[in-house]
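Pasting the structures here.
Shared between the two complexes below is chain A, which has chain B as its partner in the first and chain C in the second.
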Partner chain A sequence: MSDAVLTRDAAEAGDAARRRGSLGLKLQQQAGILGALALFIVLYLFYQANHPRGFTGQILIQNANEAFALALIAMAQTVPVLMAGLDLSVGAVMTLSGCIASHLVNGTPSEIALGIATCIGVSASCGFINGCVVVYGRIQPIIATLATSAIYMGFALILRPTPGGKVHEDLSWALTNDVREFALTFGLFENGEAAWLQPFAWVPVPLVLLGLIVVLIWVPFTRTVTGRTVYAIGSSEGAAYMSGLPINRAKLAAFTMAGLFAGLGGLFLALQTSSGNADIPQAGAYTLNSIAAVVIGGTSLLGGTGSAIGSVIGALVLRTISFNFRIFDIAPLLQPLFEGLVLLAAVSLGGLKLLRLKNKLEVFR
Partner chain B sequence: MTRATRLSALAFAGFLLSSVSAFAGPKIVSGPGPDPNCFKPWSAQTKYMQWDKKPGPYRIAVVNGFVGNTWRIQMLQTAKAYAEQSGVKEKIKEFKVVSTGTDVAAQLGAIEDFINQGFDAIITIAVAPDGFDRVIRLADRNNVVIVPFDNVLDTDKVMQVNEDQLEIGRLSARHLLKELGQKRDGKILEVRGLPGNSVDRDRHLGFREVMEKEGKFQIVEVVGNWDDGTAQKATADAIAVHGKFDGVFTQGGSTGSVRAMMDAKHPFVPMAGEGENGFRKLIAQHASAGLKGFSYSQSPGLVSISMKAAISALEGNPMPQLISVPIPAVDYTTLKDNVNYWSNLSDNFFAANEFPACGVNVTAPEIMAKDAKNTQ
Partner chain C sequence: MTRAAATRNTPQAYRLGPDDKPVVFAAGFVLLILIVGTGYTLFTQGSMPLLQPQYLLQQLQVGSFLGIVAAGLMLVILLGHIDLSVPWTLTAAAMMATAAGGAWALPVGLGIGLLVGAINGLGVAYLRVPSMIFTLGVNAVMRGLMVAHTGGFAPQTAATDLMQYLAVARIGGVIPVALLVWLVVSIVVVVVLTRTILGRAIYAIGNRERAAYLSGIQTNRVILVAFALSGAMSGLAGVLLAGYSTKAYQGMGDAYLLPAIAAVVIGGTNILGGRGRYLGTLLGVILIVLLNSVLSIMQMPEAGRQIIYGTVIIAMLLVYGRGNTVTG
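What follows is the complex of A and B.
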C-alpha cells in the first residue's frame, strides 16, 4: 500500500517538473546559487548605498581586490567537495604559490612569464600529489590533505622564513586596478583611451581575470567526461564505478584543479601585496573560509551538486558581510558575533527546501 | 599556460611604456617635532615627516588584524576609552574600529575602504610586515595618515609607533645580571614568544647580546607563544629536564612560567617578564622569597600613543617617522598596589597602560570597568 503511494507521489513530482518546463527545473536546480546571489546583492547594495563614495569605480576596485583570492580558494575547494571530499591544503598551496611568486615574478617579461608559469605548475603539482595520495594511497581526502598542507606550508616557510620579496611593481599596480589603468600602465589600446574600450574601462581587472578563469577553465572542465565524473563520484561512487566512469582520473583531475585555482589565488595575493608571506594562521583562515564559501554558494558537502560559480558568490557574501562593518558602527567585539549570525542565516537558506518536502524519505534520497 | 603567455606579452608591452603615478603625501622635514619625550625618534638617523595641516575634528579608524587574545581585546577597549577622554574627544569627529582577522587581503581592503570613505587617519596593527605599498600609495594621494604600531611595517614611508624590542631584551638581561650579583655562569631559562615574529626575534637578540657579552651562561630556550598555558607547559618541561635554573626570562605568558616553577617546587629565582597583572601580583607576593622580578610591557596602551601621534600629524606638526615609545617597566622594588598592579583584579590583563611622558593615562581599572559597557 505505502509503496504504491510512494510511486504515485514520485510520478506526480516528475510530471510537475516536466510541466514546469526546463526553465523551472533549471531554476530549481540552481536554487542554492540563486539564494546566495540574492543575499550577496542585498548585502552589497546595502553597503554601496551607505558608503560615502558608493557606486564609484574606486570602491569596486577595492572590493574586487579584496575578494579575488578568497573567490579562487573557494573555487579550489569546490572541486574536491563535489566528490564529497575536503581539501585542507588549499590555504597552504595558496601560500606556497605566493611565496614562489615573491621570488620569481619580477625582472624581464620572460622572467615574469616563467615565474608565473612556475607558480601555476607547482601549485597544480601540489594538487596532483594530493590526488595521488588519495587515489593510490587510499587515504581519506581530509586526512591526506591535512598532512600535505603541513608539507606545502613547510616549503613555503623555507622559501620565505620572514615575509618579504618583491614582485614586478607595474604588473602589481595594473592587475589591482581597473581596465583603463591596466591599459595605461602597459601602454595598450591608446593608453586605455580607445573608444571601444570605454564601456568596460571601469571594470576592475581582478573581475576580468575571475571571469576568464571561470569561462576558460571551470566551464570547459565541467563539460568533459572527467568533469561530469567528479559530480558522479559525489552522487554515488559505486554507481559511477559500475557505469565505467574514469574514477581515478577524475579524482586526480579534481585535486589538480584545486591546486591550480589555489595557486592562481596565491599568485594574485602576492601581486596584491607585492610580497610573499608564509603566514600559517592566514593559510588556515583561508582554508576555513573556503569551506564556508562553498557551503554558502549552494554546494553540498555530501557532494554531487553545486558549482564553483556558486562558491565565488559564496566568497563574495563572506567578504560583503565584513564590508558592512566598516560603514556601520558595530562594537568591535560584537563583529564576530554578527558575522556568525549572518553566516548561519546564509547557510540555513540551503536548508529551506526541507520545509517543502512532502515525504520524509526524500531527505535520504 | 595560455594565461601565462598572455601576461608575458602584456608585460613586455608594458616595458616600452610604463607609467606609475607620482607620489603626493608627507614632506620629509628636519626635526625636532613636538613633545620629544613622548614622540621620541627611534635613532639619530630617524627622519621627520610633515603632512599638510587639516582642520579638525578628525575622522579616525583603527584597523586591527587578529582579535581573540587578552592583549588585543584590551587594546581595542583602550582605543575606545582614549577616544572618549576629554581633550581627545573634541578632536575626533568619528571613530571606527574593525578587526579583519589574520587575512592580509581583508586588512588591506579595510584600510583602502577607510581611505575611500574620507577618513583622516588610520591606525593599524599590520598582519604582515610587508605588502602595504598599494595602500600607502593611496593614502599619500589622499593625504591620509596611516600609523602602524606594535607589529610595524618594513618601510620608512609611513609614521610608525612601537617600543624598542631589542631594548626590552637588553633591559631584561641587565636586570637578571644585576640580581645575580657576581655570578656569571649557570643555567638561564629563556621562554620565547611566537616563532617567526619580529618582536620575538628582537627581544631574543637583545637579551642574548647582553647575556653573552657579560658571562658564560648556559641559556636554555623553549617556546611559550606569549601564552600562559603554553609558557607554563614549556617551563615545566624545561625544569623537568634541566633541574634548576639560576634565572628566567619569559617573553610573555609570564604568570604561567611562575606557576610552573611553583608547581615543580623550583626555588624562586630572579625573573624578567611581561606586564601581566598576574605576574606582577606574584612578584609582589613572593619577592621576599626570592622572586626578584622585573616586568616590562609592550602595552596595549600603545594604541593611544598612536592615536595621539596621528592627531598631532594631522595638526601639521613634524613627526618622527619611527617613534620609540618609552618602555613602561617596573621591578620588585617599585611595584605598588593599585598603582602599577591591582591585587584585587584578575590576572589576565596587562597592567602597564600609562605613559606619563605622553600625558596618556588610561588606567587598567578604567578599562576593566568599561568592559561590560563597551560590548553593549
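What follows is the complex of A and C.
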C-alpha cells in the first residue's frame, strides 16, 4: 500500500536499503561461522607456512585424515545442541561403530557393503533409542545420554575387550588418500589418469566425503519441516508446540542424526587405524571436544542458532591448534593448557556482548 | 468403611510428595542391591560379607570421596549449572597439597579448589559463558598446568601424616575418619541449603534466575559462591584421596565426575536446577558405591558393569525423574 504513494526513485532507494539490510543481517547471523572460518584460515596458513614440507599434498591428506572423525562427531553434537539439548553419547556411539567395523568391514565387496550398512544402521538406532528415552521417557537429554553412553560403551567392550580387528586394506588405503589413489585402487576413471579428473586429483578423499555428507545429508535435513522444527524447538519449545510443529518427530530425528553422524565418524576412525578399540577415555575426549567444536563454530548451547557447517570449522580449528604444536618447539605436555586457554578465550569473547545489552534482564534466559 | 472414605481419611503426612519419591525409591534400591548381593554370596560362597558392619564401613570410607564431590556438585546443579572441572580440580588440589607438604598441605589443597571454583564462578556468573563449556575449558587448563608441573609423571611427593590420618585412620579402630569428614561436609551443605539465605537463593536462581534477580537477590554473587564451594569440596576430596593412596597421581579425578553427576541426579535433584534434597544425593552416592562393590563381588567384567550402570540410571529416572510435557 505505502509503495503506491512513493515515487519510483524513493521506492528503489528503499529496496536498496532493504537489500543492504538483509545482506547485513545475513552477515550478522553468520558472524559466528565467519569468525571461526577466519580463525581457521589464519591458523592453518600459519601452520602450512611454517611447516618444512608445507603446501604439499601429503601434509593435506594427513591433516584431513586426522580431522575427519572430530569433524563428523562435531556435526553429530550440533543437531541436539540446536534444540537446546546435548548428546553425551556421541563418543560412545562412535566407538561402538568403530568396533563393529573392525569385525565386519572386510572380505568380499558385498560383505563390506553389508558391514558398512550394519555400522550405519546400528549407530542410527543408538541415536533413535536416545531420542525415545528423551521423548517418551521425558528424561533430560544430558542425563539420558550420559546413561545410554555407558550402555553403548558396554556393548563396544563386549565386541572388543582388547584393541584389534582388521578392516579391508584396499578400502582403508583408498579412503585415507587423495582422489587419484582412490581411483587407482578401484580402477576408476582410467586409473585416475582421466584428463578431467586432474584438477581435483590432489584433493584428499576425507574432504570429499565430508563435503558429500554435508551436501547430501545436512543441507537437505535443514530444508525439511523436521529440520526447521529442530531450530524452532531450540528457540522456544512452547512456541513451536503452539505452532503445531511436529516436536516429537523432530527430537527423534535430531538424536537419530546425531547417532548417524557419530557412526560415520567411527567407521572412518576404524578405517584410518585399521582396528577397533573400545577406549573409554578416548570416547570421553571425543565427546567433550565435540562440545568445544560446536561452541567455537558459532552454535549457541542455548539452542536455536548455528549450523553443522560451523561445527566442522570448529573441529578444524581445534585440530589445527594441535598441528601447530607439532611444528613449533612447544613441549607436547603444554598442549592441553593451550587448547584450554584458546577455548576459554573464544567463549569469553562472547561475554563482550553483555556490554551492548540495554536491559539487564536480557542477561538471564 | 468404604474404600473411598479410607482414601479421603489418609493423613496428608503419609502421602509421598514429589521430593520424597526419589528418596524412598533410592533407599529401596539400596536395600534391593544388598539383598541381591547377599543372595549371590550366600549361593556361591555361603557367606554374607555385604551385611557385615565392617564391610559396609569399608565401602562407606571409599564412598566418602565420591560423597564429598557429589555434595559440592549438587550446589552447582541446583543452580541449573554444572561443573565439569571436577576431575582436574581434584587432581590439582591433591598434587599441590602433597607438593606443599607439612602444615600447609591441607590449606593449600582447599585453597586451590576454592580458587579454581571461584574462576569457574567468575566466568559463569559475570561473563555469562555457559557453565558446561567454561568449566570444560578450565578443566583442560588445570590439566595442562598439572601435566606441565609434573612433566607428565606421578609426582614424587608423598601425602602428609594429617592427610593420611583423615583418609585412612579409624577412630577406635572402627569408625573411619573419612566418613566423619563426609558427615561434617553433609551437615554444612544441609544447613546451607535449608537454613541460610544463600541456600534459599540457590534454589530461587535454579527455578528462575530472572525472578530471583528482580526479588533483590544478587544472583551473580550467589553463583560465584556456589561454584567456589563446589571447587573447595573437589579440593577436599582430592586431598583425602591423595591421603588414601599416600600420593597424588595423574588422572586420579577422572573416575569421579560422571558417578557424582549420576548420584546427584538419581537422588532426585533436577538437572535443570531448582529442585532436590540433600538426603537424595546422600542415598544416590550410597547406591552407586554399593552397586559398584556388588558388581565387583560378582566379578562382573567392565562391559557388563557399564551396561548395568546405564540401565540403572535410566530405570531410576523413568520411575521418578520424568519431566512435564510441553504444552505451550
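Points to keep in mind about this one:
Convention: the second predicted complex is superposed on the first by the 326 of 365 C-alpha atoms of A that agree within 3 Å, B and C clash if a C-alpha of one lies under 4 Å from a C-alpha of the other, contacts with A are read in each partner's own complex, and residues count from 1 in each chain.
The definition used in the following text is that contacts are C-beta pairs under 8 Å (C-beta built on N, C-alpha and C of every residue); 3 or more make two chains touch, one makes a residue touch a chain.
Only a predicted model underlies this, so the values are computations on that prediction, with no experimental measurement involved.
Partners chain B and chain C, brought together by superposition on chain A, clash.
Looking at the shared chain after the overlay, A:L334 reaches both chain B and chain C. Contact with chain B, but none with chain C, is seen for A:T185 once the two complexes are overlaid on the shared chain. Of the two partner chains, chain B and chain C are each touched by A:P161. When the two structures are aligned on the shared chain, A:V133 is found in touch with chain C, with no touch to chain B. Using the contact criterion defined above for the overlaid structures, shared-chain residue A:Y44 touches neither chain B nor chain C, since it reaches no partner. In the superposition on chain A, A:L288 makes contact with chain C only, not with chain B.
Within the superposed three-chain model, A:R53 lies in touch with chain B and out of touch with chain C [touch as defined at top].
Applying the stated contact rule after C-alpha superposition, one finds that A:I116 touches chain B and leaves chain C untouched.
In the overlay built on chain A, none of the stretches 6-14, 132-140 or 150-158 of chain C clash with chain B except 150-158.
Note: residues 157, 161, 281, 331, 333-336 of chain A belong to the chain B contact set and to the chain C contact set alike, using the contact criterion stated above.
Put simply, chain A touches chain C in their complex at residues 86, 133, 137-140, 142-144, 146-151, 153-158, 161, 237-239, 241-242, 247, 281, 288, 291-292, 295, 301-302, 331, 333-341, 343-344, 347-348, 350-351, 354, 360-361, 363-364.
Residue ranges on chain B touching chain A, taken from their complex, read 1-5, 7-20, 61, 64, 66-67, 73, 76, 96-106, 108-110, 112-114, 116-118, 127-134, 154, 196, 198, 374-376. By the touch criterion given at the top, residues 82, 84, 123, 126-130, 132-134, 136-145, 147-148, 151-152, 209-210, 213-214, 219, 254, 258, 261-262, 265, 271-272, 301-307, 309-311, 313-314, 317-318, 321-328 of chain C touch chain A in their complex.
For chain A in complex with chain B, the residues that touch the partner chain are 51-53, 56, 58-59, 62-63, 65-66, 68-70, 108-110, 112-113, 116-117, 120, 157, 161-165, 168-174, 176, 184-188, 191, 212, 216, 269, 272-275, 277, 279, 281-282, 285-286, 289, 319, 322-323, 325-327, 329, 331-336.
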